Structures are given as C-alpha cells and as structure tokens.
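Both of the next two complexes hold subunit A, though its partner changes from subunit B to subunit C.
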Partner chain A sequence: MATDNADVFRRIQPHEYFRRFIEQNVRPDGRQLHKFRKTTLNVGAISTANGSAMVRIGGTTVICGIKAEVAEPKISTPDEGFLDPAHVQAHSSYATQHAYISVPNVELSPICSPKFRSGPPSEQAQVASEFLNKIIKISKVLSLTDLCIEPSKAVWVLYADVLCLSYDGNVLDASLLALVSALLDPGIMSLPYPMANRAPSVSNSFPPLVQLPKVTYSEGIVRALADEPVTRLTLYRIPVSTTLSLLAKRLLSDPSDAEESLADEQVTVTIDERGRLCHIWKVGGGSNTATPDVLKECIQRARARYGDVKGMVERAFKERRVVFVASVGDETEMDT
Partner chain B sequence: MNMLHDRAIINVEFNMAPFSTAERKKRRSLELSSSIKQTFEPVIKTTLYPRSQIDIYLQILQHDGGDLQACINAATLALIDAGLPMIDYVCACTAGSIDKEPIVDLNHVEESSDSPELTVAILPKTGKVNLLQMESRLHVDNFESVANLASEGCENIYQILDQVIRDRTKGLLKQMKQ
Partner chain C sequence: MDRKRIAGPELSVPPLFDKPQIVPQELAGEGRPDGRSPEDVRPIFLKTGLINQANGSAYIELGNTKLACAVYVLFFPTHCSSAFPRLITPPPRCSYGPRQNKKQTFSNMGLLNCEFKFASFSCSKRRGNQRDSQEKEYSQILSEALAPAVRLELFPKAMIDVFVTVLENDGTASCLAGAITAASVAIADAGLEMIDQVAAVSAVERSHHLVFPQRTQSFAKDQILMDATSAEEKLETGTLVVSYMPSANEVTHVLQTGETEGPVTVQAIEQCIDACSKIYTVMSAALVESLKEGERPRV
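On to the complex of A and B.
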C-alpha cells in the first residue's frame, strides 16, 4: 500500500517527490548526489566492425561501431582523412569549398525508449551527434593527417555509429566513452607491435588503437598488404565527460531519465587525460541557479570521475583478449 | 494513428546497424518488416487488445547470414518476455544446398554463393508452416529434402528457445518467492 501511494505521489507531484529525497542528500534510487551508476565497458564485441565498444551506465546502454573505408580527400585538406556521417560521399571531382559536416552518428530509436519515434534523427540525437563531433574535432583527439594514405588521392575515413540500446538518462557520457573506447579497440586482427615511437602526449597506459591494414597507393588503386604490420592511429587526447543536472538547487551527477526531465539545468564537463578541460557545456536554467562555485564543483566531480573511468579502461585493456568487461561501481569515494 | 476496433495492430520495424556488415551500409528493409508482421499476426492473440498497437523493433548488431530467421526467433522470445499471449512459438531456420547436398543454417559466405536459401518458420506444436521464403533457384526435386532439413532445424531451435524460457521463468519464480 505504501509503495502505491509513493508511486501516485511521484506521478502527480514529481518535483515535490524528488525534492524530498534530494534535501536529504539522497536520490530515489538510493545514490548519493555525487555518485555515478555502475559503469560497464565491453570492448571488441562486434567482429564485423574495425573497432567496437559497448558502455552501460546504469540502465543506459550504448554500443559504438567504427568502420574504416578508403575515400578521396576533400580538396581543401588533401592530406587529411576524416570522421564521416552516415551519408556523405566524398567526390573530390566536384570542387566544393564547403567543409562537410562530419559527425559521428548517434541513433536514438524507439528500441531504447518509448519517448523516441522512428524516422529522421530527433533533436536530441542530433545534439548528441554534434556533441561527439565537437569533442573529437575541436579537442584534436585524432590527428587527421595520420589517416592519409596518399595526399590528394586516398585517405582513410572512419565512420562512427553510436546506437542506443536502452535509455535511462545521460546518453552523452555513455556515447563519448563508447566512441573513445571503440577508437582504442585493438580490433580482431591483433598483431604484436612495437610501441609507437611517435611520441603522443597520451600516457603509455593506453595501448594503440584502431588497426588499419597497411596499404599502398599506385595508379589510382589502394591495395592492402596482408603481410605487413598494421598501421596504427594515435589518440592524442582521451576525453571523458561528466554530466550533471541541477535539481532543487543541488548538483546531481549522472542523472537518470526521470531526473533529466525534471532538472532545471544541465552541465556537461569534458576532461582529458592530463586534467585539462576539453569542453564545457551548460544548458537551461535562470542566471540565479548556477554560480561560478557550482561550475567549480562540476569540474571537480569531472576530475574524480576521470580517475574512475581511466582505471576501468586500463583494466579492460590489460588483457589482450578480444572481448573484455570491466566495471566501476559507485564505491569510490570522491576526493574533495 | 491507425486503430482497429476489435484487435491490436502489429507494427514491425527492422534496422541494420551500419557497422553490422562487412561493407558499411545502413539498411532498413521494409520487405523483411512486412514478412515478420505477417508471420506474427495470426500467432499473437491480438483480439485481447482492441484499439492498441504492438510494436516490434528489431536491430541487427552483427550480421553473418540468416537475418530473417534470427529476427523471427528473437521476436518470439521478446514477445514471450513481454507477456503477450501467443498460440505457439514461431521458430525459424534457413537451409540451402551446395553441390546437391542440403545444408542447414547458412552463414554470410554461404548465402553469397550460388546456393539457394530457403527460410522456413513453423509453429512447433502442430508443425504448421507459418512462413516460407526462398531466394535463388532450387530444383523442385531437391526442394523436399531442403525443406525437411529446415523444418528439422526449426525443431532444434524450438528446444533451445523453450529451455531458455523455462530457465528464466524458474529464476523469476525463485526471486519472487524470496
């Protein structure tokens, strides 16, 4: 009987319901305000893709698949490859001065939640795609010249597709983690390799990445060399994001779907492996809710979260098996 | 939105993730959706849910042949998991023949060869054929052996699906009793 009443209360007065929990410094699912839900990482599950990763944060599950193809480079950048969206075909025979909107594609479909409809990407999906795009591009996570095969003639194109399988809030953190982990995935043709002697700024605990076959270019044909060791890309920065919602004047880390829909404001902070700020994004709310102190707190929590995630990714990659899972629960204490 | 006054409408959407195939392409097949819808319409007791819609969403994450059969089997399990009453399981299996030798459950490489591909979906209790689809050429003399092999495959799949459902239900009952 008591649970029915609580359920009814939650439906008619959701704000009041949440406020009562949050004022006691706890959330309806039992978490403290700064704790993330259990995060699980599973790498290399899709053998048809060059790189793949599945991330679960609580009830939100996303899967990212990376496929590499050869294409002609854009005229304006003849020695750079690119990350491309679902539909762009690069035909450099048509001189175009406009940069393509190259975007990793995030798909939020009815399969993950009844709030999404099938058809063209919803606003939320487009926003998520653009978020990933900004992080990868502007933070210079990849060096696009690494993707060049033969300047002006052939470059690698990486297609990144993120598919949401179940939705319970905070799809941005899950998508970014899946994308970065998929780029880190050794792929199914793992060959022993020497450590890259190009000195990336990334700490050596992250192993080399999407493995592309070694190719030669001659007379307009790109040939893969089966016997040669694979080409390796380098990720120059490893960004990890933390999303927080402001609800009833409190900061909640990793909002669930219910919390997201009730929140006044939302902040997403992206930190790289050196603790540098890659990206900060704040939406919603009036000017009286988020003070600079609040933003400082967001950045602190993002730093703590980075430590947790880094440990998990390192554990996941320590074993050289194709499929591995590592999880980080919410037992880690936040260092203030 | 469409609505029928005496039964539920079934809506099927099929999607293939772009990273699921060897060459990247995004495919939404209407034909497959339509076949699956027609397969399940007589099986689900739609008259128990008038003026409603039942949505079945199918997503292929990794593709290696046998789309239709995998979708039908997955849909059967999902419908049972959702608690929707059906008159029977629907179990599907593919079969073909290479060099006159009937083979069951073709993978992508076998599908791409010149083997015909026959997909059969049966209702295991009665053995009735719910769906039969064939692509490429198959000589009518060989048809029976290939079709029988597919039906046998369906029987095997039924055993597996049934065992999975029973195990899960036992687990749920155990949790409920605690």
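On to the complex of A and C.
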C-alpha cells in the first residue's frame, strides 16, 4: 500500500511532499524543473467565430473565439474609440483619427474545475482578463488605424472570449497564446491569400492576417460584401507569456494547479518575437529568493520558451500563412 | 451593468450582408446540402475524460456542432463506496465534492443540477456572457431528460452538477440533443449508477405547404429532417427533440415546438427513436474505450 501512503503524505504535508521531489530536481509528475508540459495548438476549429484557437498545456485547455461586430465610437471621443485616456495620450499618433475596440474576457466557468462556481466571474478570471487587455492595448499588438470603418461613425469591435474548459494551472500562458492565435486565424471567411509570398511592407510588422468581411459605410449602415476579399488585421507584435513559480527556493517552469497553489511567488514574463519585453508580472514574496539573478533566469527561460512556441505556431498555421516574417533574435535590445 | 468583465460598447451589431449567405432554394429542394438523406444523422465523434479535473466528462461533435460536458459529483459515504470503486478516492483538492443541497427542503432523492451554456462565440449571432432564458430552459430540459436514467434515490439530500458548454452551434435543436447524449455519457464516466444511457436526437419538421407549394400530395418523408443544421433550421415550422433509453425501451423526454401535422410528428418520433438506437452504439463504444484506457489519474 505504498501508493496510499504517498497519497496521504501529499494531502497532509503538501509542502514537504513537493520539497522532497524538488530536492531531487524532479517534480511529482515526472518533469524536470525547467520543463514545460506538452503544448498543442489548434486553430480555426470553430466556424461560427471570426477567428478561433484551442490551446492545451498539459491538463489545461482553453478556447478563444473572436466575434467581430460594428459599433459607434463614444460621443465624448468620436475618433478615439474605447481606449483608456492614459493610453490615448501615450500613443496619440495612432489614436487621433481612428480607433478599434477589443474586448478580451476570460471565463473560468465551473466546467473546468471544482474551484470555480457559476455566476459572475471570479477574481482570478477578472485578473486574467485584465492581463490580456493590458498586453493587447499597451504593447501595441494591434494598430488602431486598421479596424476603423468610418471615423467618428463606425468602428469594429472584437469580442475575444477565452473559455477555460479544463483547469490545471498556468491559465495565463494558455489564454494569451489562444488569444494571439485566434487573432492570427484566417477563420471562416478564408480566401486565397497573396500574403504568403509577399514581403511585408513594413519591416517590423507582420502581414495582415485576420479576416473581417469587407464593409462599406453609407447613411449610417455598415454593409458587408460577401464576395469581396476580407479585410485583414495586422498584428505588429506576437507576445507570448511564460509563467514560472518559485517553490521551495527553486524555479519551476509552467506550474500545474497543485504547484501554483503551493508556490511562494509567481512570475509571468511576456516577450515578443524579437525578444523585447512586453510585460512582467510578479506576485507573492517573503521567500527571500526572487533576486535579480532569478528574474534574469526567468527572462532567459521565457526566451527559450518562445522558440518552442514559435515552432508550434508555425506548424499550426502551416500552408495557411506565414506568421513569423521578422527575423527572431534581435537580442541586443534586451541583453541582460 | 456588468462591472466584472471588460466592458465593450453599449451597443454593437454584426454588419449586414448584402447577399443572403444561404440560398433558400437549395434547402427547399429534394436533397440536403450536405448530401445526407432526410433520415440520416450527422457523423458523431464522442470521447470521454478530456476534462481531467472533473469526475466525469464527455466531448461530442455532431457534424459541426461541438460541445463539452463535465460532471462533478459528491463522494459517497463508506457504506456505498464499494459499489462505486472509481469514486472511493476523491480528488485531493476537491472542495466542491460533497455538495449539500442547500436550496431545497429535505429530499429523499438526489438533485440533478444541470447548467447549459452557449459560449459567446458559438452561435452565428454573439451570445451574452450571462445565461439567458433559452439557456435556462435548456438546463431544465437537460435535467428532466436525464433524471429518469440516474439512480437519484441513492443520494438523498445531495446534488450532482452537470455543466454543458456549447462551443459551436450548427443547429440549436441538435445542441440540446447532443447535450443530453454527452451528459449521459459523462455521468456514466463519473461512475454513477444508471438504469440506462439516454440517447437523444433532434428532428426538424417542415410544413408541406411552405416547402413544396407546387405539389398536391403530401410527402411526409421529405418533411422530416433528422439532426438538422442551422441552415436547415431556417426553414423549419417545428422542431422535435426525443430522449430515449434504448435498452430499457423507454422515452424519457419529448419536446415538440412549432406547428406540424399530427401524423408527421408521430412519424418523426419513430424516426428519432430509431436514430437514438444508432447513437447508443456510439455511446457504448466511447464508454468501453474509456474503460480500456484503464484507471485514469484523476487529479
């Protein structure tokens, strides 16, 4: 009955249980400390969405579906859409004429884990939504000019709903990857794209990828032209996040649910395709281990992770479009 | 106003399409756009255990209709546990598990609490994040259709939670039928004792006068489309969802809406029962498959 004893030990002394594994440089699920769980990406599975992607990281499954609709900009800011005032100031050159709205929301419904109840979103879901919102808006992943239909009359709204179907930790990484992949997805309106063979017009931008029906605006009505080629959305950066947990004074990549709930501190590093940092988020403290060297190690692991994710995204979009055109490895900007 | 989600604009609409996306003539013709005969159901993919945090789960695809179902159950008092070997060891961090039914007064029977949700991107028109009246109605139907098959008398005072999320809706009636089928498999996957599996199938009834105005004779066969897609549903005059326990040969739930002739509905129910028996083989195969994989680690 050795397994039963281990099980009892894990439940009564979870910290000690994990510590003994980590001392041997291995985790209870058999992974080494720096290893990530098996990650898979599937794009374009949902035909009712304008773009969709499903990401699995180990036992965590999230689906992002994007619905594009048309709305009027706010009356007080007719040309500026729904961005935060601070943000509009920071990027006024983009925001003066046109605007788009993107509404990312993360849904941690009771289907994914016994931790969550039905009803309004939990705090964790709200935090995850805000995390995505910040990265998309402040890191300038999308250009504000691209999704304006008619200045001060009509703009696109992208409703990006990230739905967690199975929760086993590291939901931020999965959500961001699903959101970005869904934005890249050609979706149902896919038409022959000339983009694969064309060099990008702006050296540091990506070819336009996301489909939106081509629309015309007249007399207050936005009409979609079903036969016309679709308008495509340009992603200027492709951010990918990497979450690490500090547990028993060691750094664990891609924590599972059990590891997340025991961890002293957690770091989420988001970088783009050129290795530039988009966002760093560290929570927790008191374990006296998160030194600057440890944080540098986090960034290095995030870079290594980016290479793996990039390969996966390329495979998922294979023969559909070129995702990564800018050369990766402009490392000088962020040399540690 | 919802302050717990990132707010979009107060009002937004999908753009108007200049041309209708589906040509009605194609649908009003004799065949079906996907080449099926009227009594054929779409191919089904069914798999259990994809949601590893749940006690039981199932994922089903009916053509393009996709949905996921998870079941969270209580843990049994020791005198019951020998009957449910897969439930003896509860998940270690399951705070949810033994769920007391707080809403109702004392009940000798367990309560089957079903929650049905369309994902906001699952339908052609965007859905809200909060459950609307249709989703509440479907939740109710789900529990009505499943309750006769589950031995609820074994869990007095307790609740079983069944969550269904529709990921893609290609035929609203088929979503409901798929939800019943998937939930039944998920309950069995959780190891709960059942009298029989519940298979469900949907059918669309088209009015003879609406579809074939030029014909004088009634062709009941053409008026019933099994497992209709959302394109076919646009021409419906009535829908039918039948839930059926094939081994017990019992119908657990029938829901007919809209306007059809009596004989057409009677024939449609018979066709649905036949189709349910076919779906039953898929459900059994999925459950046998899940047992072959052996004892899954339930986190």
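Everything below uses one rule, namely that the second predicted complex is superposed on the first by the 275 of 336 C-alpha atoms of A that agree within 3 Å, B and C clash if a C-alpha of one lies under 4 Å from a C-alpha of the other, contacts with A are read in each partner's own complex, and residues count from 1 in each chain.
Just so we're on the same page, a contact is a pair of C-beta atoms (placed from the backbone, for glycine too) under 8 Å apart; a residue touches a chain by one contact, two chains touch by 3 or more.
Since this is a predicted model, take the numbers as computed values, not measurements.
*Asks:* Here subunit A is shared; do subunit B and subunit C fit on it together or clash?
*Replies:* Overlaying the two structures gives a clash between subunit B and subunit C.
*Asks:* Could you tell me if A:P110 is touching subunit B, subunit C, both of them or neither one (first, second, both, neither)?
*Replies:* both
*Asks:* Tell me which touches more residues of subunit A here: subunit C or subunit B.
*Replies:* C
*Asks:* Who does A:S129 touch here: subunit B (first), subunit C (second), both, or neither?
*Replies:* So A:S129 only meets subunit C here.
*Asks:* State whether A:I66 touches subunit B only (first), subunit C only (second), both chains, or neither.
*Replies:* Touch partners of A:I66: subunit B and subunit C.
*Asks:* For A:P28, is the partner it touches subunit B (first), subunit C (second), both, or none of the two (neither)?
*Replies:* Neither partner.
*Asks:* Looking at A:P120, would you say it contacts subunit B, subunit C, both, or neither? Reply first, second, both or neither.
*Replies:* A:P120 contacts subunit C only, not subunit B.
*Asks:* Do subunit B and subunit C land on any of the same subunit A residues, and which?
*Replies:* Touching subunit B in the first complex and subunit C in the second, residues 45-49, 52, 63, 65-67, 69, 105, 109-111, 118, 159, 161, 163, 165 of subunit A appear in both lists.
*Asks:* In their complex, what parts of subunit A are in touch with subunit C?
*Replies:* By the definition above, subunit A touches subunit C via 7, 10-11, 45-49, 52, 59, 61, 63, 65-72, 74, 82, 101, 103-105, 107, 109-115, 118, 120-121, 126, 129-130, 133, 157, 159, 161, 163, 165-168, 213, 215, 221-227, 257-258, 261.
*Asks:* Which positions of subunit A touch subunit B when the two form their complex?
*Replies:* 45-49, 52, 63, 65-67, 69, 86, 105, 109-111, 118, 159, 161, 163, 165
*Asks:* Using the touch rule from the top, collect the residues of subunit C that touch subunit A in their complex.
*Replies:* 2, 4-9, 11-19, 21, 50-54, 64, 66, 68-70, 72, 89, 91-97, 115, 117, 119-124, 126, 129, 161, 163-165, 167-170, 299
*Asks:* Could you please specify the touching residues of subunit B with respect to subunit A in the complex?
*Replies:* On the subunit B side, the touching residues are 13, 15, 17-22, 24, 26, 55, 57, 59, 61-64.
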